[in-house]
Every structure is written in C-alpha cells, then in structure tokens.
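A, B and C label the chains in the order they appear, each numbered from 1.
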Amino acid sequence: MNAVTRPLLAVEGLCVDYHVRVDGRRERLHAVSDVSFELTRGQSLGIVGESGSGKSSIARALLRLVPAASGRAYFEGRDLLQLTGRELRQLRGDLQLIFQDPLASLDPRMSVANSVAEPLRAFEPGLSAAERRARSTAMLEAVGLSATQLHRLPHEFSGGQAQRIAIARALITRPRLLVCDEPLSSLDVSIKSQIANLLMQLQGELDLSMLFISHDLGAVRFACSRVLVLYLGRVMELADREQIFRAARHPYTRALLQAAPAPTPRLARARGRPQLSGEIPSALAPPSGCVFRTRCPYAIERCARERPALRALGDSLVACHRAEELASEPELATLAG
Amino acid sequence: MKQTLSRLMRQPMARIAAALLAAIVCAALLVPWLSPYDSYTPDFALLSHAPTLAGGHVLGTDPLGRDLLVRVMWGCRISLAIGVIATLMSVVIGVAWGAIAGYAGGTTDQLMMRVVDVLYSVPFVPLVIVLTVLFGRDLWLMFVAIGAVSWLDIARIVRGQTLSLKQREFIEAARVCGVHGAAMIRRHIVPNLLGIVIVYATLTIPTVILFEALLSFLGMGVQSPMASLGSLVADGASEMQSHPHLLIVPAAFLSGIIYAFNYLGDGLRRALDPRSHD
Amino acid sequence: MPAMSPHAPQAALPAANTQALLRLRQVRVSYRSASGEPVPVVRGVDLDLAPGEILGLAGESGCGKTQLLLSILGLNGPQAQLSGSVNYRGRELLGLRAAQLNAVRGARIAMVFQDPVTALNPYLRIGTQLIEVLRSHAKVSGQQARERACEMLEAVQIGDARRRLSQYPHELSGGMRQRVVIAMALMASPEILLADEPTTALDVTVQAQILSLLRQLCERHGIAVLLVTHDMGVIAELADRVALMYAGRIVEQAPVDPIFDHPLHPYSEALQECVPRLDGPPPRRLASIPGAPPDPAALPSGCAFAPRCAYRLPVCDERTPELLQATALHWKACHYEGPLGRLRDDTT
C-alpha cells in the first residue's frame, strides 16, 4: 500500500463491551462487534442504524472516551487504541467530536469565547491570550456568529447557534478527522439544513475527513459519500452512497429506507404499510446466527445457524446469506424511491 | 449571577433576612467605634445596670459595669468572624477534597472518602475538650477545630455533585478538547459546583456560629475578656433571674443572625434552582 | 384567485363535516416573563376538528403548537394565562375548574405524550395503569376492566396481552411502551385523541409501525386525532388536514395534499424544501431558512416570518396578515400573492 492511497483512518475488528448489572449480576454487553472500515482523506462516511445499534459507541471508542475491548484503529499509521496518556492528548487536536445536543456539550458557566479557545490552550500552549482571542473570533465568524456575542454564556444562544459554537470549537485546531454524533438531530428543521450546509462547506475548505453518525438518511445522503449500516453492533452493509440509496443489498438497509418518512402524502400512500415489524433486540441477548434474522422478512433456517460474513457483492460489502437472491427482486430495490 | 441575585431579592423572606443581616453587620462594625464606651473597661459605679436611655448605656451594663451594647457588638464581630472564616476554610478543603475524589474515582475516591468517614466518627466535643486542655483556650484553635469538622459535609456533597457532573456531556467534550486533570477540575468542575457550594456555605455559617456558641457556653470557647455571642449568652444565663436583659440581648442577636443566614441560604437555593418559580 | 372572505374556518371543513367536534376560537396563551411582562406563545388561534379526522398541527419548536394542544384540556400549568374559547360538542371547556375538566380529560378527550418512558408510572403494573384509567371514569367491575385492558392491548397489536398486564413498564421496549400509552388513552373510548409528538422519541422503523397503528385505530374506532409534530414527514404519513403554526399563529391550513402539492405560504414551502429527499440526484446544498424562529418575548412587528422570508414585501413589516381563504379548502396568512418556487430554483 503506497502513501497516496493509504487511508487516514483504518479501523479493523473494533469491539466495544460494556459491563452492566442485570439482577445483581455483572454481564458483558457487546455494543460493537468486529467493525472494520476505512476512511480516506477528505471523505465522509455515514454510519446509520437504529438507536442501540452501537453507532455512538464506535465514535466514543475511536476518541478513547470509552475503552475498546479489542481491534485496531490506525490513524495515519498509528493505532489510536494503543496510545497512552501524553501521545493521546497530543493527537486529540487532530480528532474532534461534535455532539448531538450542543447546549449539553458546552460548559454552562464558561463564556463562548473561552469554550471555543479551550482546545488551543491544550494543543497550542505557546499562544498568548490575545492570539487565542483572535483565533477564536475568526473561527466564530467562520461559522456565522458575530464577535459581539463572545462574552455570552451558552444558554443565551439558540440550539442552532450553540451547534455553530460547538463546530467552531471542534475545528479551531484544524483537526483532520471530525466525528459528528447526530449533529442535526436536536435542531429544528429550518436550522438543520443551515448546519448541514455549514458542515459541508467547512469540510471542503479544511479538507476534513468525517464520520457522520445519524439516523436521518436524508442528511446522510447529503453529507456522505460512503455509508455503513449498523445493526446490533455489527456491520450489515458498507457501500458507496449511490449503491446504498439506489440498490441496497441488505434487507435491513432496505427496511430502513422504506421506513423513512415519505416526503409527500402521495408517496406515503403509494408505499403502504411498514415492512419491518418488531424492534431491535437487547444487545445482552443477541439472536444466534444473523443478528437481524428475528425481524428479517427473508430469514431462513440457515440464518439462525450461521452468522453471515461481510463479503463483497458487486461494489458493496454485505453481511447476508441471501443477498444474491434478493438483489434480483426488483420491487424491493425500488422501495427507496 | 446577576440573575440569581435578582431572583433571590424577589423573595420577601430572603429580602428581610438580607436586610437584617446587613443591619447587624453594620452595627457590629460601627457601634464599638462610635460608642464612648469600650468593651473592656469596667465601671464599678454601674454594675448590672438595667437598660436605660438616660444613662447612656442603652442596653444596660454587665456585672462588671461594661456597656452591654458594645460588648454584644463585639460578640457579633467575633461570632460572625468565626462563622465566616471557619466556613471559608471548610469550603476550600471540602471542595478540593470532594472534587478530586469524585473526579479521580476508583481507588483514590475510595481512600479519600474513607478518610472522611473516619473523621465523621470522631466524637467531636470530647476532642475539643482534649485539645483545649492540651493547648489552652485559643481563638485560632476554635477556627481549626470547627473548620476541620464542617468540611466533611461539604466534601460529601461536592463529591456527589462531581460524580453527576462527570456524566455530563460538556465534560466529555472538554476531554476531547484536551483538557485533563487539574485543569478539568479547576476550569469545568468547580465553576459548575459553585452554586450549590454557596448555598451550602450560607447554611454552614449559622451551624458554625451555633457550634461556637455551644463551645463557649460550655466554657471552651473564646476567653474573657474577649466575648462572643456564645460566651455572652453563657454569662447572661448565670444572671438570668436577677438581670434577664444580660441573657435576652445577646440571645436575640444570636437568633437574629442564625435566622438571617438560614433564610438567605434557603432563598439562594430557590434562586439557583431553575425549576422553582417563587 | 377566488374572492377573499373574512375568516370563517367552518367553511374550511369538508361539506359533510360541518359539525365540528372541537371548535377553538381566538385561543391565546401567555406566560409571565422574568420581568413580569406577559409573553404570548399562542396568539389567537381558530381551529376546528371534525369527527374522525386526523388534523396535523405542525411547526418548529417554540411555535406554540404544544401550548395550544395543552390549552384544550387546561394543562398549561398555573403560570399560563388562557383566553378565547374551546368548545367541545357545545360545551365550553376553557375556564372550567379542574374537577369539571376531569370528567372530560381521559374519558372524552385523551392525550398521548411524546415520551412513553415518563408517561407510565414505573412502579405500577401495566394492567393496573390501564384499569385505573377506566375505573376513574366509569363504574365497571374489576373483571370487566381487565377484559377491556386485554382488548385494548390487542387493539394496539401487543401480542400475549394477558401476560403483559402483569408486567412493569421497564420490561417493555420503547415502541411497546408507546403502544401501551396509546392503549391507555383508548381505554375509556374517547372521541378525540390529542397526540403530542407521539413518535419523536422512537426509531424510524418503530415510528412507521406506530403511525400505521394510529391510522388503523382512527379508521376502526372513528376517533378524531389532533396530532402535534415538528416533522413534515409524519404529517405526510398520517394527517388528513394540516394547520401550520409559526410564532403562535396559524399561517396556513388545508387538506394534506394541497399543502404538499401547492403550498401557499412561504414558510410552508421552505419547511418542505428543507427536508433532504431520498430520491433524485443528491443535492449540493440543502435549502434552508435563514435566521431562527423569533423569541415570543420580542416578536417583529407585522408578519412574524417576514425577517426570514424570501418573498418579503414592504407591507409585511407593517401589518400582520390575517388567515384568509385562498381556495375552497385552503387558508393562508400571507400578503404575498405571487407564485412560490424560488427556493426550489435555488438548489438545482
């Protein structure tokens, strides 16, 4: 592998476990199991799935906010999961995170100017207070806020403005990888697209790579060139955007697309009843074989026995025993429209 | 902060408490300075004189002929000083101890909190008696003794709050921004604890004052001729039958101060709690 | 363009349903701010709900949609000041005392809240909670109430209903809990269901199931639903008719198809354009509305949407537009009379 094509981030076999208490007993919950993907420079990868699918756990494990049980995550050749204290803190300037609820992610007692300058204190300790001030003012203006609002506290801002502040803070150290954990979910419709546009614009300007975690398929389609579909901690499908939205291979991907709210009432009526019944099972007691089989309309006996491996099918990676048969079912492939 | 103050001042009881406290503090500072009498010089012509407007001794005199008003004001000064200084000490120790234990977690937390548990179990009054016997009666000993006990409560409260703060997203966000260790505690944890600490400190001051009064009443507090409200009440109690004003006046000031701090603390708690709409 | 007539929303209802079940007139809700000024959150809303219809009340957070919903049953809380008229089958509900309202609450008009976790008491069995609803409104035996509870759980498609009755809320998944909450609302056979963001806390796959369930229940039991949501997708899935709110007023009202096919209010058009679609070529930019919804304590003069509007006219800053009839079933509150479509042009 030469230097040009080497990915910025290569995750191999990532597993994240949590210890939980069930009726007084300590049990191991597999939140993320054997997840692998690559992210090249300037690319954005969408991670979609229902709540409880382990999307946020991937983000938190990569940023070392929760420990990974096993696996590797090479960021420019260095394994993020092996870094120790000082090395990790130095690298954090390159890896930043945007949270779902911007107001909760800002210190309620710290002025916006200080919050935005916070990463500079840690990663560029040589800067003077005036330089820090200048950098944070410039950054806040870049995300569309005025310098007159610098001394206010977070609660004086609306959700959309607060998310702009959080974006300014995440980007002030010019990171190379930005992880967005549901960055639009807590925002109003009219604000959502402002923030999505801003993120895309900044991504282009700063040559950022992005992990974009969302349950909003429309936003993922807008923001990401590649999409990873996660169910109960396992990768169901990984493919380019066009492939996912035009010809999804996995029954779960199709079900997700079909369940997304239709843009008009005519399309909603044309589509009819939802296909997918039931809900995501508890990660404490995952089904045997394929984890999706309990809700899959195409499950066969083999699915309970044998866990499908993630394998190449055309341009996609799919974990389904019946992916070839289903690919030829045309009425399913067009459900997304 | 401005908002909290305005919410505080919109509560009538808190307003009365603040006014009362301000009046007592001003009087304690001004009266001994303005009065022609001082608190040490006895006037053997006027022993245990009843309050009168005519003689100049507005609140009468004590059994040694000293002006009671001036002595009570000195007592207020000492009691308030002990209350405030001992509380400040306990806040500094308690916040540092609790925040470090809560933020560090794990074994450090366990060890630090067990120390608190052990200190809690020390019988306090006998300990002070032993200390006074060993080192003699000393105002500084009072500060140390009281401060050493009252920080335990604050440490426990602060640790609990820190544990829940640690779960908040902005702390996680700060970690991603490279903040760690002491900087995290100083910049993010402590400022977010201040509200509850201020409330608790306001409620600790009267406890400390009462505690000092108890020690003085038992004869282990400030040494004569210096006076605190506690020692004045103790002196007054012995003359209760013949000269009730010697008990009533310092007791009234003591109650006034305790009342004011309690209502102020309660008002602050309400003002800081966004859910309560007074 | 049909002749403009003064506002008379009865005419906006389908001809067969001229008798409204619930009739709101000039409903206003305001709160007292920290400085003591009244802050209006609902500013004179007229709304009719016909028997058996699903009326979607849409708008962004802070537009007053939830406050309007709460005002129907007087649930706004002690700080709120209400005025206007809420008429249910000829009976005025606004201003009734709590004791009188309780006969209506739950029994004739039931409510489903957003969060199924907080709507259920964690310490009581599902069965107990279901039965409680019924027995507080009707004299029925324990056995009858139990039968009814089973029936309702089956109606909301919860399998193994008898066993579920003895379970606690934490033993159920999020979607199951919301089904139980809906079953609870249906226990006393209400005529009207007020649903406040009933699917917002749920995943899309579960949301699709619950929306489909609500539609079936509505058709089978003839219940009228007033559905509050911020999600135009939910409106498209479920509503028969839509009232769109902005800054405490209704700005557009029509059956669901015209609203989506030919929106008449710029806000309505913009909201629809903001939602990224899953078909067509991926957009390079998403359409968005500049700025943010106004603070109810500092509303702009004239039309509240004017500062964010792509079709703003000088008159918009001076006069608040009235909700007027534009076509037979379509009402709008906007001074602009020209064609919309500017936002669509921007993105392609």
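The rule is short, and it goes like this: a contact is a pair of C-beta atoms (placed from the backbone, for glycine too) under 8 Å apart; a residue touches a chain by one contact, two chains touch by 3 or more.
This structure is a prediction, so every number in the text was calculated from the model and none was measured.
Shared contact partners of subunit B and subunit C, listed by label: A. Among the remaining chains, B is positioned farthest from subunit A, on the basis of C-alpha centroids.
Interface comparison, A-B against A-C: more C-beta pairs in contact at A-C. With centres taken as mean Cα positions, subunit C sits 54 Å from subunit B.
One finds 52 Å separating the Cα centroids of subunit A and subunit B. Centre-to-centre separation of subunit A and subunit C, using mean CA positions: 31 Å. Within the complex, the subunit A residues that touch subunit C are 50-51, 158, 160-161, 188-194, 196-197, 200, 215-219, 221-222, 241, 245, 255-268, 273-274, 276-277, 279-280, 336-337. Put simply, subunit C touches subunit A in their complex at residues 60-61, 173-176, 203-209, 212, 230-237, 239, 256-257, 260-261, 270-272, 274-279, 282-283, 285-290, 292-293, 308. Interface residues of subunit B facing subunit A in the complex, by the touch rule stated above, are 168-170, 172-180, 183, 187-188, 191-192, 194. Against subunit B, in their complex, subunit A makes its touches with residues 63, 65, 89, 92-93, 95-97, 99, 101, 104-110, 118-119, 121-123, 166, 169-170.
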